Amino acid sequence: VEASVFERFLGSAESLQAFGAQAFVQAMLDFEAALAQAQAAEGLIGAEAARAIAAACHVEQFDLPALLEASGRAGSLAIPLVQQLKAQLGAHAAQAHFGATSQDAIDSALVLCTGRVLALVERDLASLVDALIALNARHGAAPVLARTLMQPAAVTSFGFKLLQWTEPLWRLQGKLRDTAREALQPQLGGAVGTLAAMGDRGPAVARRVAALLQLSEPQGSWHTQRDRLLRLGLEGALLAGALGKMARDWSLMGQGEIAELAEPSEPGRGGSTAMPHKRNPVASMHALAAAQRVPPRAAALLQAMGQEHERGLGNWQAELAEWAGLWTSLHGGLRPMAEAARGLQVDEQRMRSNIDALHAQTGAFDLATAQAARARAEEGWRRIEQQRTQWLNHV
Amino acid sequence: VEASVFERFLGSAESLQAFGAQAFVQAMLDFEAALAQAQAAEGLIGAEAARAIAAACHVEQFDLPALLEASGRAGSLAIPLVQQLKAQLGAHAAQAHFGATSQDAIDSALVLCTGRVLALVERDLASLVDALIALNARHGAAPVLARTLMQPAAVTSFGFKLLQWTEPLWRLQGKLRDTAREALQPQLGGAVGTLAAMGDRGPAVARRVAALLQLSEPQGSWHTQRDRLLRLGLEGALLAGALGKMARDWSLMGQGEIAELAEPSEPGRGGSTAMPHKRNPVASMHALAAAQRVPPRAAALLQAMGQEHERGLGNWQAELAEWAGLWTSLHGGLRPMAEAARGLQVDEQRMRSNIDALHAQTGAFDLATAQAARARAEEGWRRIEQQRTQWLNHV
Amino acid sequence: VEASVFERFLGSAESLQAFGAQAFVQAMLDFEAALAQAQAAEGLIGAEAARAIAAACHVEQFDLPALLEASGRAGSLAIPLVQQLKAQLGAHAAQAHFGATSQDAIDSALVLCTGRVLALVERDLASLVDALIALNARHGAAPVLARTLMQPAAVTSFGFKLLQWTEPLWRLQGKLRDTAREALQPQLGGAVGTLAAMGDRGPAVARRVAALLQLSEPQGSWHTQRDRLLRLGLEGALLAGALGKMARDWSLMGQGEIAELAEPSEPGRGGSTAMPHKRNPVASMHALAAAQRVPPRAAALLQAMGQEHERGLGNWQAELAEWAGLWTSLHGGLRPMAEAARGLQVDEQRMRSNIDALHAQTGAFDLATAQAARARAEEGWRRIEQQRTQWLNHV
Amino acid sequence: VEASVFERFLGSAESLQAFGAQAFVQAMLDFEAALAQAQAAEGLIGAEAARAIAAACHVEQFDLPALLEASGRAGSLAIPLVQQLKAQLGAHAAQAHFGATSQDAIDSALVLCTGRVLALVERDLASLVDALIALNARHGAAPVLARTLMQPAAVTSFGFKLLQWTEPLWRLQGKLRDTAREALQPQLGGAVGTLAAMGDRGPAVARRVAALLQLSEPQGSWHTQRDRLLRLGLEGALLAGALGKMARDWSLMGQGEIAELAEPSEPGRGGSTAMPHKRNPVASMHALAAAQRVPPRAAALLQAMGQEHERGLGNWQAELAEWAGLWTSLHGGLRPMAEAARGLQVDEQRMRSNIDALHAQTGAFDLATAQAARARAEEGWRRIEQQRTQWLNHV
């Protein structure tokens, strides 16, 4: 199925692929295979059945278009999947998806695919933070105008501005890791969350499934307890906001009349069909678009919490779609910023001449205040450095 | 590019396709061809160049993956498109996209694709309203419990309930038509909205483009004046809300303990991987999901209005993506409701026995109030009938 | 009850008052008095009772703190109101609120209070449009840089920029009037919308209530049919967006390094506790805050459409609160912009020197394109003038 | 200033008061007094000045209506406050608010007021969790229908349902504490965040201010680094969602035809002006309203992160207002749920007879699955118990 052309334009191909039909169905099948293996280990199904199920769990063996076509009317992606799976299994059919429910397969696949997108986000976020640290090393001492309420305010240092951008990103690196650890559990609850069909083996099966899928150990099913999952999404939303703030500043500092910063320039980047002289801040555009698209998705996730009883009607399903959209939008904003930060052009002279011009006009904008800015900035950069060291020692 | 699997699950294939890369790029090319033809007629470019441009404007002749890949870094879908177009044109290259800007091609294509999705929406909305009118003819007289704040309240008639669902849908049919007429104009403004490159021929070219593309006549460019376009999207959002209200009621009336309504039953529809006895209200699920997904998109559209100067950074681009998402989500909720309404199962006996049971318990719930409900309902259905006749006479 | 200090800071005192307890309870009482009078005219209650009810319907005679305190537990503002009303009426108590329900009184009061806030909005919007027309007369011919994607793009005219700001505002004046006409109906449906207690006199009573309250004639009750009401709110949301776009441009053009525009300067306006040289764009700040606060409220209104059955649980009540918030936020953004527009300082020389400086740097930014901008702008201003004349002839 | 009548109806008086003008201005004054005391201790101002400032910092000595009236045009609540403060101080005027900026006073006051509302939330959340634990002790063993996609699904235990409601609430108790510790820092940055006016004493002053106001130690100013603050708000939003889920279930289980649960009944609670037999689930209504009102506020907070440069125009100010609204809405939904949970009426017999009726119809709904539900529930309740013990040992 084709995405709207704008999802491709604003998203990243990698993250779109991670929630695409191919990857998601394979992730559901990974769950089914792990479930069978775990159930065999706990004596709930036969070892041969488990092997047959694992052998069948490859997306290439499934009719994906038919599965997607059927899912709408079925009301679930898992129903036609399990049908196709069982059709391959002959005598072992009854052992597949044993004691599980649609939501188990879908939520577990969601968690697996999320883990992959998160790896992309973490990679690009780390690279962005590195680039900002490098910019501070090169340009941190430069005095630059601070501006409040869209008016020149006083002289600060570029290192202090860099710190304002970097600290939230740095904190978010840690928070994404921590919340992911709680969020990325497999889902296994059976029909109504109680694992009734697995007798007293249910929790043990769930632990084995987690280990097989390299996910965190589940503390019971979470069909309608979405707080841990959503907390991870909300960290993603904070990241979109932090990126948007930096992109807003870049775009303001890059205005023709101010020209203190420019995104890197190269063929095929930021041109105009009508104005050959233009160089548009394309990475900022992507991050600002993400910062507009992610908050409504966060609201949708929160609104979807009102699931009725043991599985909601419409809200859970909406959550799944908004979840994928949040992460693909976010990564679509993050990746170009990481790339642009590595080549960001900083014009220290222009920073200085902009101060001088306003000083000449008003008498205000004393360069001496850059001193305090540098001191505060250094304190901040030291905090990051210390935490980074701590973190590396912990790993 | 693949959409997230959930967009396919919750959306409709038809509407997704309408904003897919293939359809959208063809629509941009339709704009470029119409522009050339209009400019030739106004003497701005040669007739031969216009013919060459028109001959080149077929999506099959373009390298779509390369175009999409380049668009992200270019910051626009139109930049690589125009490059590929010019590359085909040899000596006529300078005549292509003459005096236009990226946003002209993209907004015009958006409007063309929106027109196609709107036709789907109008088709299914009309069919849904027809089905509800038919249900009223069959079951309108049946007494049924009215419920307020989730508690039984008094006896009404099913025709009155049907009217509550139908009137907003009926009004929205008219509003969608009326707002579409204002919204679906081509975009033509050139670099900064003033058509400067076309001398005094600009407005005449714009009128010809509109006629060629069968769109409404433009009243100047609207690069940053998005109110008319957004008004159409907000009518779509009201439609999602009206559908969600009806789906909420269907799902409540279809609960096992109440059982007054059921969505049609058939193989492959509304089953469960874990519970063979279940029949889930799948159409309601789709409509409720849409009713959760559309309002945040409406908010995103409104928030995107704050475009800077003559073309915004990030906000315009976010609007495009949210716009497509709004319509595909909406149609994903509407189509199954139209289909389900045609086969909706109404259990008049159960409606009656639910009343009787509560009457026996409480003494309240007098059947006599169904009389007033029928009278009010008939007034309402007559209003619809009259407007419908008026409308048909107008067309 | 005190509002949060920020509602006062960002809202307007007038609009807050319009939805305050005093005004709202009086509006509910106006409904009750009109209902009694209408029912007396239709012979449903005695004339003497109607007079007694009307005499009692003054907010000063009610214990407002007790009413508000009781409302939370009662689950409705109308329940304690009707109790206090009946307590005043002795033998006529049974005639008060006859055949009506809580929602009738509350929705009707909402509509009455909305009408008053809308009058404030219309007053200030008209004044803003007038100020922009006057600015065009004085400064419309001035060449100024057009900027796209936050980069200088080409030369336009200030009249063209003014037109971009004004046209949506002008259209919204008309749309607010038109949608208000449909939206501002009294609510009268009785317990479950069917007016059952009033026999065949219900619709006639409703028409009389509308006439007495100077509201539009109702087409049946609309307890759960909120599309007409919400359409008015969505026009308000579009207005917040159009204001935000203009405020964004003002704040960008007013940056110290650009200085083409300034909000009026005067004591007590736009200062800083830390920086005496500053002059902050305070009106823009209010409008930008409104443009951020209104879209989520629009989403909340849309989300609240999913009322269950004949009166929703939580959603209808949330709608009421978000509705009031939307209008007070909007007016808080509009009023200062209308005031600031009257004194907006336009620096034509700076507009020119900003062009010259970039022209010197790049060779681009030809002043000749200002010509086309003036022509397009004049066409637009003529459209407004023509519609305005048409409108005045219609009234 | 009066709040809209609906804020009072849906909010709690306590939480509204916490962000009201009186409390908020006093909190700003508490900041100013602490700042003076800290600066005196660090030798930046004289001890006598500090005493004079502290003596002046009582809201009763300020002209609140004048302050509020002036704030709108000033563009800040702090500007008129500091003016009134200085006017009281004579020779010490220059020592007041020394080196600080408006945002320092306002953000610090926000944090102080948030701490107070958070105490209310924590109190009522703890009481709600206690009530649910007590309900489990009394009714946890009762078999009850589990329902998925709004259809009966299988038999579970009421203890398992209670656990689904309780676990997220329990986790949120911890998360609110943890995020508050990071969020509730004073703000102190001076004009542009660098504490330039305080030389090298800035950070020491900030630490003293934190200690005096019993807030967490600040790690630099956070004028535009809002992630830590917002993270606390997002936990509040998760809480609103978790409450809404429980309220949704209560309202569904309390339907007349199902009648498994009822909110406590008492005079003045949940009646109807039109239907004397009704008992409306008023606490659920409040929680459902909050669950609709909070997510859009969370989105607004996230969208407001895009502050320009060192202090944003409109976005920071919008954040303040949405922040207060989030907490008052949340507490308005939480308090009645805590109260209702203590008296929740559980009808075990009806739970059983609803199962039996469906079993008779379909043959499905085996009571035996309640066994597994009880086992899973007990595991969950033990997890809560263990964490609780751990937590108590930690304190």
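Labels for the chains are A, B, C and D, by order of writing; each one numbers its residues from 1.
Quick note on the criterion: a contact is a pair of C-beta atoms (placed from the backbone, for glycine too) under 8 Å apart; a residue touches a chain by one contact, two chains touch by 3 or more.
Please read all numbers here as calculations on a predicted model, not as lab measurements.
Asks: Which neighbours does subunit A have in common with subunit D?
Replies: B, C
Asks: Report the chain whose CA-based centre is farthest from the CA-based centre of subunit B.
Replies: Relative to subunit B, the chain with the farthest C-alpha centre is D.
Asks: Between subunit B and subunit C, tell me the centre distance in angstrom, where each centre is the average of that chain's C-alpha atoms.
Replies: 27
Asks: Using Cα averages as centroids, what's the distance between subunit A and subunit C in whole Å?
Replies: 38
Asks: Could you say which residues in subunit D touch two or more other chains, in rising order?
Replies: 75, 147-150, 153-154, 191, 244, 251-252, 272, 275, 280-281, 284-285, 288, 291-292, 296, 299-300, 303, 313 - these are the residues of subunit D that touch more than one other chain.
Asks: Mind listing the subunit B positions that touch subunit C in their complex?
Replies: Residue list for subunit B touching subunit C: 75, 146-150, 153-154, 156, 160, 163-164, 167-168, 171-172, 175, 191-196, 198-200, 202-203, 219-221, 224-228, 230-231, 234-235, 237-238, 240-242, 244-245, 248-249, 252, 288, 291-292, 294-296, 298-300, 302-303, 305-313, 369, 371-373, 375-376, 379-380, 383.
Asks: Inside the complex, what are the residues of subunit B that reach subunit A?
Replies: Where subunit B meets subunit A, its residues are 1-10, 13, 16-17, 19-22, 24-25, 68-80, 82, 97, 99-102, 105, 190-191, 197, 244, 247, 251, 268-275, 280-282, 284-289, 291-293, 296-297, 299-300, 303-304, 313-315, 317-318, 320-322, 324-325, 328, 336.
Asks: What residues on subunit D touch subunit B, complex-wise?
Replies: Touch residues, subunit D against subunit B: 145, 147-154, 251-252, 254-258, 272, 275, 277-281, 284-285, 296, 299, 303, 354, 357-358, 362-364.
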